[in-house]
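Below is one structure, written out as C-alpha cells; comments come after it.
Think of it as A, B, C, D, E and F in the order they're written, each chain with its own count starting at 1.
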Amino acid sequence: TSGVIYARSSKLGVENVSIHRLQVLDDSTLAIRLVPRHLYKLWMAHKMEKKDLEVSISVGVHPAVHLAAASSPPFGVNEFHIANSLLAGELKLAKCLKVDAYAPAEAELIIEGVISWEREALEGPLVDILGTYDVQRMQPIVEVKAVTHRKDYVYQAIVPSSVEHKLLMGLPREALIWEAVSKVVPEVYGVRLTMAGGGWLHAVVSIRKQREGDGKNALLAALAAHPSLKHVVVVDEDIDVYDSEAVEWAIATRFQADRDLIVVKDVRGSTLDPSSDQERVLTSKVGVDATKPMDKPKEKFEPATIPSTSRVEGLIESLRKRLAIR
Amino acid sequence: TSGVIYARSSKLGVENVSIHRLQVLDDSTLAIRLVPRHLYKLWMAHKMEKKDLEVSISVGVHPAVHLAAASSPPFGVNEFHIANSLLAGELKLAKCLKVDAYAPAEAELIIEGVISWEREALEGPLVDILGTYDVQRMQPIVEVKAVTHRKDYVYQAIVPSSVEHKLLMGLPREALIWEAVSKVVPEVYGVRLTMAGGGWLHAVVSIRKQREGDGKNALLAALAAHPSLKHVVVVDEDIDVYDSEAVEWAIATRFQADRDLIVVKDVRGSTLDPSSDQERVLTSKVGVDATKPMDKPKEKFEPATIPSTSRVEGLIESLRKRLAIR
Amino acid sequence: TSGVIYARSSKLGVENVSIHRLQVLDDSTLAIRLVPRHLYKLWMAHKMEKKDLEVSISVGVHPAVHLAAASSPPFGVNEFHIANSLLAGELKLAKCLKVDAYAPAEAELIIEGVISWEREALEGPLVDILGTYDVQRMQPIVEVKAVTHRKDYVYQAIVPSSVEHKLLMGLPREALIWEAVSKVVPEVYGVRLTMAGGGWLHAVVSIRKQREGDGKNALLAALAAHPSLKHVVVVDEDIDVYDSEAVEWAIATRFQADRDLIVVKDVRGSTLDPSSDQERVLTSKVGVDATKPMDKPKEKFEPATIPSTSRVEGLIESLRKRLAIR
Amino acid sequence: TSGVIYARSSKLGVENVSIHRLQVLDDSTLAIRLVPRHLYKLWMAHKMEKKDLEVSISVGVHPAVHLAAASSPPFGVNEFHIANSLLAGELKLAKCLKVDAYAPAEAELIIEGVISWEREALEGPLVDILGTYDVQRMQPIVEVKAVTHRKDYVYQAIVPSSVEHKLLMGLPREALIWEAVSKVVPEVYGVRLTMAGGGWLHAVVSIRKQREGDGKNALLAALAAHPSLKHVVVVDEDIDVYDSEAVEWAIATRFQADRDLIVVKDVRGSTLDPSSDQERVLTSKVGVDATKPMDKPKEKFEPATIPSTSRVEGLIESLRKRLAIR
Amino acid sequence: TSGVIYARSSKLGVENVSIHRLQVLDDSTLAIRLVPRHLYKLWMAHKMEKKDLEVSISVGVHPAVHLAAASSPPFGVNEFHIANSLLAGELKLAKCLKVDAYAPAEAELIIEGVISWEREALEGPLVDILGTYDVQRMQPIVEVKAVTHRKDYVYQAIVPSSVEHKLLMGLPREALIWEAVSKVVPEVYGVRLTMAGGGWLHAVVSIRKQREGDGKNALLAALAAHPSLKHVVVVDEDIDVYDSEAVEWAIATRFQADRDLIVVKDVRGSTLDPSSDQERVLTSKVGVDATKPMDKPKEKFEPATIPSTSRVEGLIESLRKRLAIR
Amino acid sequence: TSGVIYARSSKLGVENVSIHRLQVLDDSTLAIRLVPRHLYKLWMAHKMEKKDLEVSISVGVHPAVHLAAASSPPFGVNEFHIANSLLAGELKLAKCLKVDAYAPAEAELIIEGVISWEREALEGPLVDILGTYDVQRMQPIVEVKAVTHRKDYVYQAIVPSSVEHKLLMGLPREALIWEAVSKVVPEVYGVRLTMAGGGWLHAVVSIRKQREGDGKNALLAALAAHPSLKHVVVVDEDIDVYDSEAVEWAIATRFQADRDLIVVKDVRGSTLDPSSDQERVLTSKVGVDATKPMDKPKEKFEPATIPSTSRVEGLIESLRKRLAIR
C-alpha cells in the first residue's frame, strides 16, 4: 500500500510531505521505501544522531493533497502549503496523538509511528509503475504507535502500475518538462508522459518551431528536465500529444533517422527500467525530432482534408435533418 | 477513384489483374496511375509496338477479388485465379463487349476501354495512404469504349488513406514479411503494418526468440521483404502486435538504444514519405529490437499479475452472484 | 568423414535426407553432428518417446544426390525426390536390410544403424569449412547395425574445408540469396559465396541498379536470405562476381565508406567464425555497396579500353597470320 | 558603442531594461541591434500600431545597473527593480525630458529618443564577443530627441569582445547553467564560460558525482540551459573550473572518447560562431565527461603530493627562519 | 606516352629527375602533366621569371633509372644519384646538345626541349592507374628542340594502368608504408599495394602483433605514410600479403566490424578515385584490423593442417615411387 | 631519482645511453625501471647468457647530454655521439674504474654498477609525468660497485611530473610529430605537447592548409608519429600553439564536431593514462581539426583588429611622449 507521509525535523527546521510505498510486515511494523530524496535526508539526519523520526501516515486524502505530496518543490518547502493553495486555503490539519506530527484532518485513516533509525527489513518484491516487479532491497521500518480512522472509513489504495499511480508520479514531471522546453523554443503546446512508458519513461512534446534546430533543443531540454526520461518525441503544434496515432503518423512522415535522431548512451536513467544497467543506473536515451523539416514546403506534410462543395454541404444538411441530428 | 483492372497481352501470353488509381478527366477519358510493375510492363510492351492496351475496369466487386488484385504474385500469374481459389471456384467472369477482356460477372459497374500508347495527362494532386497529397505526374490515359452496370448499382469507392485503402495495400505485404521473418527465426507470432504508418511504412513483428541475435535478424528480414518499410519493431511472443500500448511498453522496458537499434541511411524507401528524399527515393530506415535480452533473468521483464488467493476468489464469486454477472 | 543420411519418422509422417559429419569412435559406433535442423527435429521427436531413430548412411553417391541432400527445402520434403528430379526420374532406391530405411541403390557403401536416443559422445575437434578447428561438443551416437558395399568400392570422402565441401554447402545458399535480392532490385546478374569466406561467410552479388538506394536494399536482402552471412559486397552488372580483382577494383573506384557502408552489430551469425562471440552466436555484419553512384556521370566509372584503328587491326591480323594463331 | 536602454509599453503594461549595440549613423540617428527578445517584442507591438517606441539610453552607469540589464528575467520584469535590489534600494531614477521614459539619475550621459517603427538601416560590420566581425543586417533606427550629460562626463564604452563584454553577457548564463545542473546532480561546485569561447560558447562545470551517469546528465542539463552553448566539459569537484590547465589535465587522465563523449549535430546554436551553419543557425554540440569513472579505484586519478617527513619539515622551518620568511 | 625527365634550376641550385605523362600534340610540342611536386616547383620558379625550363626526356632506360625517377626523395636530391647507387656507380650520363641538361647515355631515345613558361594546352583524356579516364586539364607544353636516338632503337612505353605502371608508382610508397608501420609495431612482415587498387589506393600490411591495439596503430601509420591510400588491411605474420585469398580468409575469421574497423571521412585522398569528391580531393578512408584478437586462444584462428602418421607417410612414399615422382 | 645510464654490449657491438628512473633500495642496490626499448634489449641479451650488464649512471650532466639521452635514435646509435655534436665536439668521456663503461667526465656524480641478470625487486609506487602514481612492477636491480663524485657536488634531480621532466620526454616526440606532419601537408608552423597532458598525451599542431582535407591528414600523421598521443588538435598558421587561449578560440570558431572530429577507439596508447584500459594498453584517441573550412570566406574566421586613424596615432604618440615610454 502507500500513504502520504508527514515528517518534521526540528534540527533541520524542515517539514516534508511525500508519498511512499509501505509494506505491511506484521501488526505493528511496516517496511517503507525511501529513495534518496527529502524524507531520506530527514531520516539520515536522525540516523546520524541515533534518533527515530516521528511521522504521520495518511490514507484516503483529498486529491489536492495527493498531488501536492507527489510534487517536488525544493527541500524545505512543506507540501501541505501547496495543497492548501490548491484548496484555496481550506486544508485543515490535525495534530497527532502519539507523535509530534500533523495530518490532514479529513483523512480516512491516520497511522502514527516512527521510522526506526536502526531497524531495516527486506522490502519487496513489489510491482512498480512499469508493471514489472521491482528488485528486493533492505529498507527502514516504521514502528506503528497509534492508528486513528473515521467510522466506516474507505481504504484508498493506489494500485501499483495503475493509471492513478502513473498520473500522480508523472504529472509533476510533465510540468517540469513543459517549463524547461519553454525556455528553449518559442512555444510549447503539450507534454505527455505516456501510460505505456509508465507515466515516467516516455514523453511526447509538441512545440511551435521557428528555426530548424528547435526540435533538437527541445529534446535536450526534456531529457535534462526529467533525468528518468528514456525516450522523447517532439512534434509540431498540429499534432495532439494525447493522440498516439497522430504522433506515430508524424514519425512516419516527418522524421529521418540519420538527421533527426539523438542517442546518448551510458547516461543516468531510471532504476525501474529492467532493460537498463540497474546496478550502475545507466541507460541509453533516445530523442526523436518528428517536426517538419523547414527546407521543404510545409504543405507536403499536412494531412489532406476532404474538400467541400455547396452540393455536398447541402446533402449533409438534409441528411442531418432527416436523421434529426443536432 | 480506383478500379480492378484486367489486361491481357497476347504477345507476352500474360494476363494481369491489379488495382489502380483513376482520375476522371472528362466524359470519356481517365488518367491512370501506373507504378513500374506488372500492368506497366504490359503497357510498355504495347507502347513499343505503338498499340493501345485493351482493359476492363471493374468497380464494386467481391472482397476476394479486391484482395487478389492487391496481392503481388510473380509476373504472369492471373490474379483472377487467386480470387477464384479464395472463392472456392465460384468466381464468374464475363467477356467484355467492346474490348478483348474479362471482368467479374457480378461487378456493379464495368468500364471497357484502352490505355493509350501515346496520350498522357497530368494526374493529381491526389491523396495517398499517408493522408498527404502525392506529387503530380504525367500518366497514361484510359479511353473509355463502353460502360455497363447493374440496375441501381452501388458505387464502391476506396476513400484514399482510409482504413480500407491501407488494409488492401498492406495485407499482402504483411504476408511477405511473415514469410521472410519465418526463415530466420524459430517462429513468427504476428505481423502488423500500422494504420498510423499508412499500412505501409511501419511494421511490428512478434517472434519467439531462441538466441540473442534473433531480433536483429528478424529486423533485417522484415526490411528486405518490403522495401517500402521505414520503421520496424520486433517484440517477443507475449506482446500482441495489435496492441500499440503493449508494443510501446516493450520498447520502454526491453530496449536499449546503443545495443538494440539499427539505422540504415540512404537506402531505397517509399516515394510516399514526404520526409524522405523523394527525388532519389532515398530514406533512412530504423529497426528496433524490443525483445527481452537473454543475459538477464526472464522474470524481470514480465508484467506483474495480481496474485489470487482463495479468499479473494470467494469474494469475487459472491460479488458476481450478487450482481448476477454471468 | 560424412555421409548422406536418410531417416523416416512414421510418427511425424516425414522423410528427410541430409549430409552430416560423422566421426568413427570404434568399430560399431559413430558420433554424428546434428545442427538444430530437420534431422535434429526427427531425432528429438524420437528422443521424447525414448526410441532410437533408424537411419541409412550412404557414402559414394551421384553428385545429384549430394546436391539434393545439401539443399534446404521446407521440413517434410524428401530430398530424394529432388535428386530424382535432377536425375530425370532415374534415381533408384534400395530398401535397407536391418533398418526401416532407404538408400540410393548405386551407393558405394551403405551403413545401416540407429541414432541412439540416449547415448552421446564428445565429438571433435574437427576441421570445418573455414579451415579452422570447430569446438568440441557432446553429440548423439550412431550404432551401426549393418554395412553393405559394392565390390572394390570407392570411398568418397568430402575433405573438410575443401572446395567440394564449400560448394556443397554454399550452392543452395547462393540460390537463396539470388532469389531474395531479385525481389528488391530490377535484375540480379550473379551471386558468389567466396572460397576464402568458406563458401559461407562472404558473398558478392552483382545487380542492375535503377535507383540510388538499390545497392543498399540488395545488401539487406542478402543478409536476410542467409543469416550466416558476415560480409557482402554488391557490384554493378559490369563486374564479374567470380573475378575477385574486378570486385576489389569496384570497391576502389565506386565505394565511399561514409555513404556506402552498412555495419550491423550484435546480430546472429555463424558459429563457425572464431572471431565472433561463439557462445551467444553474435557477430558484426558488413554490407559494402560498390555500385556506381548515380549522381555522377557513368563514364567516370568505366574501365578504359584500348581504342582500335584499322591500322592496328591490320597489324594484329598480319601478326596472327605469321604466328599461325587460330 | 552600447547603452542601457529603458522602454515602456503602456499598451502591454510592461517596462524593460536591456543593453544593446548602437551604431552612430549621423548626428541624430543611431542603428540599434535588436535580437528577438524583450525589447524586440515591445518594438514589434508598437510597429503593429505604426507607433514609435520611446526609449532612454544611458551610458556610464553603476555596475549593478549593467549587470541587471544584462540578466534575463521573465518578460515583464523591470530590470531596474533588480538593480535596485542589488544596490540595497539606493537606485535613483530620473524622468526624461522629451520622452516618456526613466533613466538612472547618476548616468554620465543620457540619450532620449524613439525607435522608429518604420525606418531601418544597414548595421555593421561590427565586432562581436568572439572577436570576429558579425554579419551586416538591416536594423531599426533610433531617432535622437535629446542628450543630457554630467559636466566633464566620462564616456563608458564596452569594447566589443573585451573581457568586460564577455562577463556581462556570460555571467547570467553561468547562473542558468548552475541552476539547471543542480537539478540533476547532487552538487555543483563551479560553472565557467571561458573567455576563449567568448564567454558564450564554451562552459566548464564541476560537480560532485554520485553515480556513474551523473556526468552525462550534467552535460545534457548545461546544453539545455544555455542554447548557445557549443562545447561543455564536466569535471569532478577537485578540479577548479577557472584553472584551464587543471581542466585539460582532467581530460587527459579521466576521459575516454568512446565512452564519455556526446556529440549532437544539427541543433540550434549561436549565430556568432562562424564555423556553424549561420543561415539555418545549426551547429554541432559536444559534451565531454571528464569525471573519474567509478569502476576504477579513486586513487588512480588523484594528483600525487610530495610526502612530508619531520626531517623535511624541520629543514624547511630552519630555511624559513634563515630567510626570514613570514 | 611518358618519359624520364631531367631538369636543372641554376637559380634554386637544384637538379630533379622524375617521370611524367606526355601527350604528343604535334611534331614539335608535347603536353606535360605536372602534379604540384618537384618539377612543378622548378617550372613555377622559372615561370615567375618568365623563363622556359630546359629539360631532357629519356625513353628506354635501365630499370634502375626508372625506379629512381619514380621515388620521392626530399626536394633537392638528384634522383640520378640514387640510380647510380642502385647501379653500383655504373650510371653514365650524357650532356645534351641543345639544352643545358643531362640524360642517361644509354637511353634509347632522348628528346631535348623546354617547358614553356607561358604556353599551356588541354591535356587528356588519358587513362590513369585505376584504368579509368582521368579528367582533362590545362597543362604546360614542352617545345621540342632536338631528338637523338640509338640506331634501331626500342620504344619503351609504359602502358597506362598496366602492371608496370602500377609497380613503378606503388613500389616507393610500399617502402614508405613499411618504414612508418615499423615505427609503431614490433615487426613488419610485408606491405603490398594491390593491383586491383591501382597499386595506389589499397594496401595490405602484415605485422607481428604484441599488444591488442597494435593492429589499429599500424592502420593509422599506413594511412599517414601514403596520403593517397583509401583502404588498408592489416594482418598477422602468418598471412602472406600477396595471397589475396589468405587476406580475405583472415578478414572472414579474425575481424569483427564493430571492434576492428576505422572509418575516417572527409580526409584528403587521391584525385584518381572517381568515387571521391574529386574537386575538393576529399574521400573516406577505411582501416581493417584483421589480426587475431589476443583475448581468445590463438589456436582458434589457425588453419588446420592434415595430421600425418607414419602409415600415411609410408603410403605417400610408395605412391611416389610407383609414380616415379621426383 | 633518475640518471643517465651508459651500457655496452660487446656481443651485440652496441653502445646505448638513456635516462631511467632509479629507486634507492638500500646502500648498494637500486631498482631500475626498464621499458621495453634499447637498454632493455641489451639487458635481455645478457640475461639470455646469464651475465650481468655493466653500466655507468651519471647524475648532474650538461643539458645537451640530458637531451641526447632522452632522444630516440635507431638502435645501435650511441647517444653520446649526439651529445657531442650538440656540444660541437666538446664532450669529454671518462673511463669507469670498476666496470667496462664510460661516463661524461664533468658529471657531478657517477655510480658504477651492474644490472643483475637475475635479481628483481618491486619498484614503486612512483609519480609519473601525469602527476599520478604509476603502478608497482617487478623490475631489475642495479648492484652498485663504485661511486665517484666531484667535491661539493650538486645533486641534480628531475622532479617527477615537473616541467623539466615533461620537456625532456616530450621534446624528441615533438620533433617526430613535426617530421611526420611535414610529409602530408604543405608546411608545419608549430608542434606542442602540452604540459597539462604531461608533455606526452596532448598535442597541438599548426599548419598551412592548402586543401580541405589537410587538417585530417595532419591528425592521422600526428597520431601515427607518437603512439602514446591521446588527443591532438590541428590549427591554422595564424594560431600560436603555445597560446592555449588562442587554440581554444580556434576550436570555438572554426570547428564543427560532426565534420571535423576523428575518434579511434581500442587503439594502443600510453600505460600512464589511468582512464585507459591499462592492462591491455588500449585507449580512445581523438583528433580535432580546428582549421578554417575552405568553403567559407576566410575573413569570417579572422580576429577583428582595432582600426587605426592618423588622429588616434597622433594621440598615442603624444601620450607616449608625455609618459616617456620608450
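One rule holds in what follows: contacts are C-beta pairs under 8 Å (C-beta built on N, C-alpha and C of every residue); 3 or more make two chains touch, one makes a residue touch a chain.
Predicted model, so just to flag it, every value in this text is computed and none were measured.
Within the contact network of the assembly, the step distance from chain C to chain F comes to 2.
Repeating the A-B interface with over half of its contact pairs identical by residue number, the matching pair from E-F, B-C or D-F is D-F. Of the two chain pairs shown, C-E and B-C, the one joined by more C-beta contacts is C-E.
A centroid comparison over C-alpha atoms places D as the chain most distant from chain C. Chain C and chain D have CA centres that are 67 Å apart. Our note on geometry: chain B versus chain D, Cα centroid distance of 56 Å, whole angstroms. Spacing of chain A relative to chain D, judged by their CA centroids, is 34 angstrom. Residue positions 259, 266, 283 of chain D each touch two or more of the other chains.
Taken as a contact graph, with one node per protein chain and an edge wherever two chains touch, the assembly forms a single closed ring in which every chain touches exactly two others.
Around the closed ring of chain contacts, the path that opens at chain D and continues to chain F reads D, F, E, C, B, A.
Remark: chain D residues 127, 130-133, 160-161, 194-198, 201-202, 230-231, 244-249, 251-259, 261, 263, 265-266, 273-276, 283-286, 293, 296, 299-304 touch chain F in the complex.
Residues of chain D touching chain A in their complex: 180, 183-184, 211-214, 216-217, 220-221, 223-225, 227, 259, 262, 264, 266-269, 280-283, 294-295.
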